[in-house]
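Each of the next two complexes has chain A plus one other chain: chain B in the first, chain C in the second.
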Partner chain A sequence: MEHIKELLYKMADDALIIGHRNSEWTGLGPTLEEDISFSSMAQDKVGHALNLYQILNEQHGEADPDALGFKREEKNFKSCHLVEYPIHGITKTEDGGLASTSGGYDFSLIRQFLFDHAEYARYMALTESTYRPLANFAKKVKGEIKYHIIHADTWIQQLGNGSEESHARMQNALNEVMPLALGIFEEGDFEGQLISDNTFIGEKALKEKWLEDITPIIERSNLKMPNIGSLEPALGGRKGYHTEHLKFLLDEMTEVMALDPRAEW
Partner chain B sequence: MYPNMKNLEKNIWSTLEQVKDPEIPAISVVDLGMITKVDIDGSKNVKVTMTPTFAACPAIEVLQQSIKKQIQDNIQKLGVNSVTVDVTYDTQWDSNRITPKGKQILKKFGLAPPPIHHGDIDSEILQNVPCPYCDSTNTVMKSTFGSTLCRSIHYCNSCNQGFEQFKPVA
Partner chain C sequence: MKSLDPRMNRLDLIHENRIQTDEHKHWPTYEVFHQKKRGDQVRHEGIVHAPSPELALVFAKEQYGRRFKSANIWVVKSSEIYTFRYEDEDIFDTAPEKKYRDGDYYKVREKVEKFQKENNMKSGVSTNYFGI
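Presenting the complex of A and B:
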């Protein structure tokens, strides 16, 4: 069952970390509706993480969901690099440091678009999984993630076809985020087994489906698809090698529990 | 099933109708379509199976407890021995599970009820949602996300009011 655990962990960790990141828009959204949207999507993701950690706990004897989310070391997380970046993106300053771009909504929106299309395709594929607990959960969750896709597709098209500035910012963000997004599809050690026993279609097939889904939206948004073949995917996350941002995120997220591990509210 | 068991099951379903959604206190868990099964064994041990409307719904545990309590408070009247409440995704909730009565209740509460969907949701179905106040379809969708996970935000151009819809979910 190691192969199923591997799949559950990477899905749960992606959901928890992107959920935490999207929640950072609460109170800061560029419009009230966007504030609410990113906050709602964050709530969905953290809930999905909880459900996946519950499957790990109940079906595979792993620790309880709180411990899995809040008490694991950074190297044991299997999240991809895409979800780890702060909401303002990854612009480098002249001296090579990292700096916040103006607001960073463009980065967050493109990340949401690329990540959620991958999630949707993943859960759609998992509705056919031979692993029943995940198939049942996928049948439920696909309908929720559909709303995340509608959100992303609506805004990408609006802004891609909007002003010169909004178009340029969408294109820049797309170029910037694409190598990170390709890291979603990094294969784990048990990829072959996941495919051979029909637990999952595998990351290669998922990536193909994802490209099929996002390409027409990118075209309709008047944006140019980066040359995927020439990009170097941001790999390592699935093996426990993370960006420098994950440690900060985990420290902040677990601050209360670290102060008082037995606190209840 | 013996006739008296059939009756017991019916009584349990009507007892469950007393349990309301904490976020929309007008509607019961039964009319929302959250209860997927009521099992009664030979010793009258009752197992209620429920399924969440949204995986991240913060009310799931509260509802599980209230369902249990509702049956327990009526344990003698119902003549049952014990009650357990399971939460599973074996049957998955979607908005087509809301009963016609439930949709009436939502509308009266001021929430546009979700239309019947055919297995998928697209942005089309979210446009021109009938206004729960004046029934006009001259409305626009403002945001696919609202004050709770199950609501979207709309505006009615006829009576110039904002309103929320209980989202269709496939």
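Presenting the complex of A and C:
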């Protein structure tokens, strides 16, 4: 069952970290309606993480969900680099370093677009999984994630076809985020087994489906698809090697709990 | 000035070249209608601000469709709604006096039920209206 645990952990960790990141927009969103929508979707993600940790706990004897979310060391997380970055995004400075872009909603929207399409395709494939707990869960939440991609698709098309500035910011963000997004599809050690017993279609097939789904939206948004073959995917997350941002995020996320780990809530 | 909220400091919100939004310059509003299940009437719930009908739907879903069971949501640009003027409200003045025009003005339920019982008829058919 190690192969199923591997799949559950990377899905759960991605959901928890992107959910926590996106919740950082709460109260700071560009408009009231968008703030509420984005916060609500962030909550959905944390809910997905909880459900997946529960499966790990109940079916595979792993620790309880709170412990898995809040008391694991950074190196035991299997999240991809894409979800770890701060919400204001990244941009290269002249000396080759990284700095935050001002504002950054462009980064967060493109991240949602690329991440949630991969997640939706993953859950749709998992509705057919031979591993029943995951197939049942996928059937239950696929509609929720469908709304997340409708939200992203609508915004990308709105801004891609908007003003010169909004178009340029979408294109820059797309170029920036794409190598990180390709890291979603990093294979784990048990990839072959997941495919051979029909638990999951596998990361290669998922990436093909993902490209098929996002390409027409990018075209309708008047944006240019980066040359995928020439990009260096951000790998390492699935093996426990993370960006410097994850440790910082985990420290902040667990700050209150760390004051009194045995407190009852 | 530093905020107590670490997110605020990270976002670098105090920025010299920040874009200023003009006062009262908003996106247009859309009226939101909610439908519980297919075939039901839609009910007006409120408004959302949005730059396009598509985004109005996206916002309306989270604003008005997440707490109840929903089959669909409609949005209509507020400026597309036609209304009377409130100063003409007096055109409705005598309406409350004309209850006799409504079927349910006539309280006959008890009589109908008694008749049905005496004649071994099934109840359950609407008995609100006179003459059925």
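Just so we're on the same page, the second predicted complex is superposed on the first by the 258 of 265 C-alpha atoms of A that agree within 3 Å, B and C clash if a C-alpha of one lies under 4 Å from a C-alpha of the other, contacts with A are read in each partner's own complex, and residues count from 1 in each chain.
Definition applied: a contact is a pair of C-beta atoms (placed from the backbone, for glycine too) under 8 Å apart; a residue touches a chain by one contact, two chains touch by 3 or more.
Keep in mind that what you see is a predicted model, and the values were worked out from it rather than measured.
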item: Which superposed partner A:G104 touches (first chain B, second chain C, both, neither); value: second
item: Contacts of A:N51 with chain B and chain C, given as first, second, both or neither; value: first
item: Touching partner for A:K140 - first (chain B), second (chain C), both, neither; value: first
item: Which superposed partner A:Q158 touches (first chain B, second chain C, both, neither); value: second
item: Contacts of A:H88 with chain B and chain C, given as first, second, both or neither; value: second
item: Partner chain in contact with A:E74 - chain B first, chain C second, else both or neither; value: neither
item: First, second, both or neither for A:L28, with chain B first and chain C second; value: second
item: Which superposed partner A:I150 touches (first chain B, second chain C, both, neither); value: both
item: Which superposed partner A:S40 touches (first chain B, second chain C, both, neither); value: both
item: Overlap of chain C and chain B interfaces on chain A (superposed complexes); value: 33, 36-37, 40-41, 147, 150-151, 154
item: In the complex, chain A residues that touch chain C; value: 24, 28, 31-34, 36-37, 40-41, 86-88, 100, 102-104, 147, 150-151, 154-155, 157-158, 252
item: Chain A-facing residues of chain C, complex; value: 6-8, 10-13, 15, 27, 48-52, 54-55, 58-59, 61-63, 66
item: Contact footprint of chain B on chain A as seen in their complex; value: 33, 36-37, 39-41, 43-48, 50-51, 133, 136-137, 139-144, 146-147, 150-151, 153-154
item: Chain B to chain A touching residues, read off their complex; value: 51-52, 54-57, 88-90, 92-94, 120-123, 126, 142-147, 149, 153, 167, 169-170
